[in-house]
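Each chain gets a letter, A, B, C, D, E and F, in the order it is written, and its residues are counted from 1.
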């Protein structure tokens, strides 16, 4: 259960409106790697995990913090939209040039009345398909670490797309928290290993003796890039400590497949020409 | 540029048809973590990267291998659909019980004529939104490692959902390659660090002195789970080696936001009651 | 900013697992009218509204309560999935019959490892497109009231689809809160009117003298249903108190449109046959 | 069954082309609250309702009128696209400035050859997920009233985004019809009550004695906004006339949930550390 | 503008309910090749075409007929849902076996109250992205012919999935109209050619002398299938009558691309290792 | 199985960057009719077809060639993005004017770091729903021919939207291959007929004697366009050679449908007013 305070975790106030940047900022609100994704993902992983204790507690704590970031970004976008141009000729009235007019998101005016919405910078609505909660914490913590990397990368790019001191201040906060959260998930990965709960390859519990020959340690080269095998992944001891990496060209090991004829009740193109020819013959006779 | 051989990288032949399992197998073809995702993602990352050499070569080599896995899974699904039941009463004719009939995907018959399509096990079409190519290889390699973990996890689950020896044989192959690919991306992450190209936090090039105070090293606890701070992420040296982890409760640092009134041309609910009251007065007078 | 407690607002514990019903319950979690929609919608309306005070406070309070409902339903689904059948033949091991096996959502096992996700009962991911925050509170409160009606209707239907006492107990709680929330939004609509902030037609501030003749009060009948005009909407004083309802058959008032020829640089089918004929002639000559 | 006349219900002719505004106008054609939604929704509700007579007749009559609005808006967009700029440098040739060039939708040229399509102003295709037909007319009529409010609001905003007299004339027509249709659905709601068919709370037929204690009449406050309980929704007689509104802070009533361990065949993170530790021990021994 | 009659173009009455088949029939209502697609597509092409006369008139006439088919299929699905099972144990009460219970679409009950909706047989909502109206009638008429082929194919498959005489009767009607409509679009293609308005290749008006060497007439073989060039497409006079078909293996003609370094403000993986190494050095010194 | 070479099938190098055009070019990469669609569609049709030999070999050969086109367009877009403007004021630094700034896709910078992605020109992600593989080659080859027509049309339009010689050169290549591929599928259609495998109407194997009276040869006119029946489709011998075309106005042949009352457990609006009235009476008495 949640409770809410109107006070913000961190200030979200631009020095002036900027509808062009408001549109761009939607990416970190409702985009694939935005705050909606991490907030709802960490909470879902926390609720779903069947392992009580510190991991569950961590997930629910962080997911709740991310809700505060959603709130801050929504508030920032609202303020960036304080003066949204309604027509090309009104573009001059604000500090936004004609260039900025072209970039602004018209749904911010038509649909939201100068407010944010759960979409990305190209107007795609946020979708639950962005969220992963597999029940295997190692797999999910790697995804969480990725999400914080992609997220920090996007905020750092946005940081270079504005000169507004107020905006930059909030972006700095988000970049800093993403810095911590990257480390947090990497630390949680280490903790999972230390606790003996999971390891590489995920899922560790699948019996390795069921695997096929040496294919767990071989780079198969399917392209002609000359340096493809010149990396750590093709030589030396394997990452899981159980083998040695090698490399060889990819090769086919099974014959070209031949499928049986289709079910005639589904009207596929028949393998035998009989059916249609017979039909034609029948038509000619009648 | 690509060339193709009809021979398969590995055999994809079930011992018998199973439309129920064919539907489930769609998950690793056209689901978020299926082979369509990794094939098209590795290729896109390879084409987009502005760093020539071993990483680009690696990405294009592996992306091309994954196309062969797409082909194998499509072929397997086609064969599992050799006898698809058209009506409830026909369910008895194959080995599939009434239970299996209920699970089968009717589009396999109506739309594809007993063939595979690019969708997941619930019929959601595969989407390019599953693919990430950020231009930052560290962020993307973490995502790739995740994809192989989620992928191997799903295939391992499917392995426990069938008794068909032919199906299990191909799943073992996929599990094995996902084993290697997990290690491969983790090795590539090490290589990126060794080459001095990127490090934690991603993106490394963002100047840390721009960050906000100590928030890059603090776990902020927003929930009452008693063990949330009992992990590696809240104590000891930070993962980036530049600080020390600590923990404290989350707190608000900015006042509740007050937004200015909306633009009346967008017909928001007004802050002043004047407009509507005046209108009413006007109406009463006329 | 939010804080979270692990305790639930209300108990969410079934008497036994039921993967069939778990799939159906996804509708009120991640469906169009599920708890994800109302939680994120009320919060967004609250953050976006430019009218400080009781309406904003109400929206943020209720949106926060709905987050607790999301948590309860996720927990209930998790528990309904405690024994998810992996194969048709294993369906017998639980209380679920073959019928129930056919209905279960395979992603619950393959993707989520026996956990909930943000999708509806047919597997469509929840989308931000379900959320409306127009900046006009009257329009949005009507939508909110609708959401609570559709939501209570769906929960009431689910109530008739299970015999599990624990499930029914939680559904009763949701039905009761939806009862209150329906009244709450209807009361808020009355309050908006009483405060002189908005009225019918929405938006009230658009000058009625700009409207076209009498078309604001006429039912135009475009079908041959004999009773279409036998209702309150076609006779008597209008709802806004400014006119009298009437009815007449629909009629066209403008000529069939004639569009100018297309831009040849876009290669439309030309109006004049010249282009292609000339091209043909040119070809014949060369 | 339908018949069609080429004549338009109302004129749809701008004074000049305006590709920027054509893009914006897509919102009321193929957006969530556009004419495609109301046309297809009213028809579906009409076809689906199991109550013959005036409500069914009304729904089919109005749905058919809305099809004429779809036609008018498509025609208007086509004409606004009569001169669509193909390159930045050609922007000067029309009355559209560089600003307007930036806003135009390139699919209007590339995909549609200067024509409309079923998408919104950000290019999201219209989707059947916008349509609700629940079988409960009270719930659906509230949604219909909402749709007309959101629709009129959007058209009124568009009215302030153009100076073209021809465009404004058609928008006035749409605003006027939305005025009537708002009243129509509100009148239909009254009629449903008068006919004794449905009432608040929807669905009325669910037995109130099944509800939980007093939660049908209590505002539960989950946020610290000081005025949240200062409205009609927290005091006085309830809207359904069966209780009295009150308010109190939200509180948790159930313990934190503890989920049982996951099915090992799905490879979740185990609760017991045994499995992985045993595996490690086994590895060390071999 | 449209008018509507409650009478149906053709009878839509099953002999009995069948919720399993109701779900399957959604494919031809709201699927990619269903009646929603052709109805809205023909109308849009008709409204958008800038060529007045017989083609526009044809499109609007047929699009209007297809609306009647939408109505018929909705009505049929409604009746197939007259007795929808709410629980597994209730499956026995109707003629539907446990097998059929598993297949039924739960949204038909939860969301629509035993009614149809605009989705396909797997629950994907119909989308405007299915509709093409390019402004080039030749390209679009080929698509229309395809749509009628795919549509007739699907209806013919459904015909083999039911024994209900009433359902089969309506399917026969749809199959017959799709038979005519296939011919109609093929005839319209011939007519376009006869009228000199368009020809192969589409768009004919693009000057062929701008094309690259002989690549308009060569089959380039990129796979090792031995019979790929044994067809009409690789030998003899070309279809456009302007060349001769030939075949040869695919070959690369341009060097491997080398992209310039990325913009450092976007934090890509750098080409030079300098930046990160320098940063590291700087960190070590401070 | 596939192998890849880094060399390109054809050069993909613009004379200079142009982020505006890069956005537009996404249409032919990830749009409905872009190269992703044809590549993945031809491969899927090839893998799925149950007819071994020349058609399967053709499909896999061409699908593989299209993968090379995906690669070329990605490379071209990457290069067009070499200098992407980050702010309005930086627009002047490149050759792109303010107009072009407005058009550029901000995700190209924020998400992809100056790289392509699998989306169309409005940012909609590519989806597997664009792909059709019905198992009936005649229906699918018509779709393939359409795809090449729509594709060539779009590329030809793009050709008129740029002055960059390098871009135009690659577009010419694509236009030329689409020219061949149009002919190829039309030739394959002829071949299917010559081989006696399929014919009009598709599917040929459905027995024509099951069709309804004369409706396979009649144009039914549902609109008042005066020329609708003045074409080849309404007069003369039918395309399938088995009948004669005629025309008549559409007419209804079945009574208005009357649906039975809904299941009260689903809480529909009841047909009888009893339930609610009784409830009201009961309430009044208690």
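Convention: contacts are C-beta pairs under 8 Å (C-beta built on N, C-alpha and C of every residue); 3 or more make two chains touch, one makes a residue touch a chain.
Remember, it's a predicted structure, so these values are computed and weren't measured experimentally.
Where the sister copies chain E and chain F meet, the same residue numbers recur on both sides for over half of the interface positions. The centroid of the Cα atoms in chain D and the matching centroid in chain F are 26 Å apart.
If you average the CA atoms of chain C and of chain D, the two centres end up 7 Å from each other.
For chain C, the set of residues that touch two or more other chains comprises 1-9, 32-33, 50, 55, 57, 60-61, 64, 68, 75, 78, 86, 98-99, 101-103, 109, 111, 113-114, 119, 122-125, 127, 129, 132, 134-136, 138, 153, 156-157, 160, 203, 206, 222-223, 225, 250, 252, 259-260, 262, 265-268.
Taken as a graph of touching chains, this assembly is fully connected, with contact between every pair of chains.
Taken in their complex, chain B has these residues touching chain A: 5-13, 32-33, 53-58, 60-62, 64-65, 68, 75, 78-79, 82-84, 86, 109, 113-114, 124, 127, 129-130, 132, 134, 136, 138-139, 142-143, 145-146, 149-150, 152-153, 156, 159, 172-173, 175-180, 182-188, 190-191, 194, 200-203, 206, 208, 210-213, 215-223, 225-228, 230-233, 238-240, 245, 250-257, 259-260, 262-263, 265-268.
On the side of chain C, the complex with chain B involves touching residues 1-6, 49-52, 55, 86-89, 91, 98-99, 101-107, 109-111, 113, 119, 122-125, 135-138, 192, 195-199, 203-206, 242. The part of chain D that touches chain E in the complex is made up of residues 1-9, 30, 36, 40, 43-44, 47-48, 50, 57, 60-61, 63-64, 67-68, 71, 74-75, 78, 111-119, 125-129, 131-136. The part of chain A that touches chain E in the complex is made up of residues 153, 156-157, 160, 265-267.
Within the complex formed with chain D, the residues of chain F that make contact are 20, 23-24, 27, 31-33, 96-103, 120-124, 153-154, 157-158, 160-163, 222-225, 250, 252, 258-262, 264, 266-271, 273, 275-277, 279-280, 283.
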